[in-house]
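Shared between the two complexes below is chain A, which has chain B as its partner in the first and chain C in the second.
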Partner chain A sequence: MKEPNDIIIRSVAKVAVVIIFTFAINLFISGHHYPGGGFIGGLAFASAVILLFLTFDIETVRKNIPLDFKMVAAIGVLIAVLTGLGSLLFDVPFLSQAFGYFYLPIFGKTELATAVLFDIGVALAVIGTALTIIMSIGDDR
Partner chain B sequence: MIKGMLIGSLIFLTLSILAIMYRLVKGPTASDRVQALDALGINIISGVAIFSVLIRSTGFFEVILLIGILSFIGTIAFARYLERGVVIERKHPK
Partner chain C sequence: MSWLHLLILAPFIFAIFVPFLYKKMNQRIHTGWFVLLIPLILFFYLFTFIPEISSGNTRTATLPWLPAYDINFTIYVDGLSLLFALIIAGIGALVVLYSIYYMSKHREALHNFYVYLLMFMGAMLGLVFSDNIFVLYVFWELTSVSSFLLIAYWYQREKSRYGAQKSMLITIFGGLSMLAGFIMLSMIADTYSIRTLISSETLNTNTLFIPAMILILIGAFTKSAQFPFSIWLPDAMEAPTPISAYLHSATMVKAGIYLVARLTPVFGGEAVWFWLVSGIGLITLLYGSINAVRQTDLKALLAYSTISQLGLIMSLLGMGSGALYFGYGDESFVYAVAIFAAIFHLLNHATFKGSLFMVVGIIDHETGTRDIRKLGGLMHLMPISFTLTVIGGFAMAGLPPFNGFLSKEMFFTAVLNTAEKSIFNLDTLGFLFPIIAWVASVFTFIYSMILVFKTFRRKPTFVRVDKQVHEAPIGMLLSPMILGTLVVALFFFPNVASKYLLTPAWESVLPTLAGDLSIKISPWHGFNTELMMTMGVVVFGTIMYRFLKKWYGLYDYYPDSLTINHFYNLGLQSLEAISEKTTNRYMTGFIRDYLVYIFAFIIVVVGGALWKFGGVVINHSTDAHVNVYEAGIIVAMVISAVTVLFSKSRMTSVIAVGALGFLVSFLFVLFRAPDLALTQLVVETVTTVLFLLCFYHLPELRKEMSRIPFKVTNALISIGVGVIVTIVALSANGTRLFDSISTYYENSYKLAGAKNIVNAILVDFRGVDTMLEILVLTMAGLGVYTLIKLKSEGRDKDEGAE
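Now for the complex of A and B:
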């Protein structure tokens, strides 16, 4: 059997993965007022990592991204629950949120909301769950 | 005028998707079905683009990008499976 030659997919994936990561972060950031959010941002992020898994092999990607994805999912759920519990400290109902307008050096007047912290937890949970499923069922042993 | 043209092209895209569905169900080999799936993704992207021109909205651009990315990754995964029999390799043979 002759040696497999996949130079084209490797060259394309090195560019496309950067674009998909950027798009995932854009989806995540725009989630408060426009279509997007933690769930779909996490799924786009996971699809970029799946493209890495397809192009290179599992061993190489695991060596370069040394994260236990089950741990990532657990940390995400923990962050989401803790931001929900944090609202109890201010004597308001569970999962309440607040936002304010701040003046940042580069961005100017920016709206910062505490819902972003909850969204980070959701995104981490989605990334961890999706990649754990893919790595479990994609194993050919 | 423009609206009629857009609706007409949507109708033609629907006919094209029906023809692709025939190939997807009937297709003699697996390669035909994979190619039909790729063409189906491109037709759906065109339909969403024409629809967003029709209702003059920019809210569907993320949908177009996302369908493009998922169709690309799905086609690569199916091609890898057809060629090597395994989707995700454990260790690349050097």
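Now for the complex of A and C:
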């Protein structure tokens, strides 16, 4: 969307985006015990992609991330609903979450929670929606 | 899910496959052949019920639907519903067979036609089998919808659309009032089940009893085209003829009759019910038969005759309801015969009217016109059609040896019996019953003769150059022939039908008398008053038919401006005009106006509630101290908010709004809410980008030149909203109605295995909220996408259509 001569922002963005992505994933995973979670992680992830839009043009980003973000949002909602339905299989109310502690090879004693699955849905829905809106508006000529 | 449920759902399920069958197979095989299977299977399956039901048993099956509200898909098969279901499936099969020849597979959109038809069939079966009143209501409205779609099948025609809209408006109006009646009834009896309603004893002492009855009757009367709601039926004749034969004479219009019969045990024995049902029925009978004589279109004639016959059945049900006044006794059996006559005539009407409609369709198909003035002399060209018309027409006129004669005689018996009674003040007005019945029968005779002789005798006057008029193909004649055979067979063997079909139905209308109801139908019962009345009808009718030309002009004296149709059109026009004017007054198209409505509403409702319930409680006692950082951030927030108001360029406003957002997130940090702060930060980043993107498209910010009142309104509204929201926030802090629930969430590590309470709330404790939120978010995103991406294409298309 701009003339491609912003050397500084481009160089910075290339590094920054990776850092933001990592941070977003960290936010997402730490959500269970520390600040973060699906919503924030998703939005942070989306903001990294938005930074790419601002730095490079939409076409380039679309070529490198060939995802239909409407689908991403829809899949996110679907995952969230399915995890809800999944609890019906165990004869507990809709969207009941479960958690447990397991001993995994490298991580040692680890907590695994079904809430993470649900949170993945939330994150995908947020990423998909944010990017759908931004891309639609930014793309509108 | 039982076979019974599948029976109702089968047409719906099959309808899903119809478009595929049409697409793949229609070139070779007419889609109708596949569809035909469904009513045939249903008919034979229902037929196997007859032995069980006729021996007095019933069947039920329940499928939970909304068990929490006690609304279940309960199917109840008894004599009455089985008789209706057999008519629905039987006539349905014949109509589909007929339509295979009537509807051209090359020119017509058959997939639409059969999908609607199957939808109707399923809805109608559901209607008669439902035990739950709300399930019944759903199916009731579904029949209205499918009728609407079928009337508007040739939607290119102005008249089809008009007729469809009219039938929709009237029957849905009736359906809604019926729903209100059902709700009242369920409030009185505290049940949704018709069977429980019937067995409830003391309903009639409740003050809601009569309103519920009247509302339900409005539903039944609109559906069954009773005066004055009958006007939709003649216009419904714009539907293809198979549909007119099926929906608008044999089945759907009988839904009202079904409902009245079904609820007779609940309401019967009440004077209001007696007078409304029999009175409206008789008026409809007279109105329909008199109007039928003046029609020049064969289908319109049949439509009015259907109205009149429906009135006849309705009035019989009304008269028969008197049986329940007496409880159990000889008197009640005298009245009960009227109910039997109603059921018998219902079956007879389905047979002869169905065949007549099909024959009229044949005439229309072969000659290209339905105008009586143009038709004539078809007797030699179409001998089979002529025979069928004679059978149907004479049955309709109530002549032997056709089934109409039997039920007509019973009708006369019923009116004569009623006239002699003295309950419900019958001694004052009762004498009118036989008179109206007789006069209407004379007119019925006349229009039946018009139908038979004006179409088939005389010299042919129609001009049809492109092809020779000849008899229809055998496939088209088959259905009316089967019905015609039934017309004759029912005359000679009425007691077979009575034993297996009619008496069980009769017993389910009058459950208190069940077991002792029996009747022997015989064509000849000596020279009694009924026979004299029939002979009078024939003699007088023949004379009037001969001199039709002499008195036909009388109809022209009735002014058009007094017809119900005129009032309907006038009402519709003014309704449209008024609603358009009202809507245009407030739907201005300016966003500013809409915001004014929304905010004014918030001020009035929230402010009003605060004032009325004394919600303004401002309590500072528990507040923490304000430290210097907080004060600084608040001051900065105020400054950036004011900057937005007075900035000269958009860029400044965008930056100021962004600054405001970031300041809020600082506030969250100060209050030690890291989750909120993080969210606010990221949201603010994304929003600012969004603003910048939109900014690209927006025009320069200009100094707004507007009138003072405009600005004053804006200022008032914004200050009002600000004040209200502030008061709400402060009052919320000052009011403690309940103990805080946060202690529960503090157990999040034990309950959800999460140390982060906020996240545990989001994904676990209040997970459903989150799920719906992301759903809303996604829908909003798709909404933005649709608005932006599809707007140009959509607009072009719309303009192309106009």
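Operating definition for what follows: the second predicted complex is superposed on the first by the 136 of 141 C-alpha atoms of A that agree within 3 Å, B and C clash if a C-alpha of one lies under 4 Å from a C-alpha of the other, contacts with A are read in each partner's own complex, and residues count from 1 in each chain.
Here, a residue touches a chain if its C-beta (ideal position, glycine included) is under 8 Å from a C-beta of that chain, and two chains touch if they have at least 3 such contacts.
Keep in mind it's a predicted model, so treat the numbers as computed, not measured.
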Partner chain(s) touched by A:G36 [first = chain B, second = chain C, both, neither]: both
Which superposed partner A:E59 touches (first chain B, second chain C, both, neither): first
Touching partner for A:S136 - first (chain B), second (chain C), both, neither: second
Dominant contact partner of chain A by residue count, chain C or chain B: C
Which of chain B and chain C A:I9 touches, first, second, both or neither: first
Which of chain B and chain C A:S47 touches, first, second, both or neither: both
Which superposed partner A:D119 touches (first chain B, second chain C, both, neither): second
Which of chain B and chain C A:E111 touches, first, second, both or neither: second
First (chain B), second (chain C), both or neither touched by A:I20: first
Interface residues of chain A shared between complexes with chain B and chain C: 27, 34-36, 40, 44, 47, 50, 54, 134, 138, 140
Contacting residues of chain A [partner chain B, same complex]: 3-4, 9, 16, 20, 23, 27, 34-36, 40, 44, 47, 50-51, 53-60, 134-135, 138-141
Chain B - residues contacting chain A, complex: 59, 62-63, 65-66, 69-70, 72-73, 76-77, 80, 83-84, 86-93
Contacting residues of chain A [partner chain C, same complex]: 27, 31-40, 43-44, 46-47, 50, 54, 70, 73-74, 76-77, 80-81, 84, 94-95, 97, 99-100, 111, 113, 115, 118-119, 121-122, 125-126, 128-130, 132-134, 136-138, 140
Residue numbers on chain C that touch chain A, as the complex places them: 674-675, 678-679, 682-683, 685-686, 689-690, 693-694, 697, 752-756, 758-760, 762-764, 767-768, 770-771, 774-775, 777-778, 780-782, 784-785, 788-789
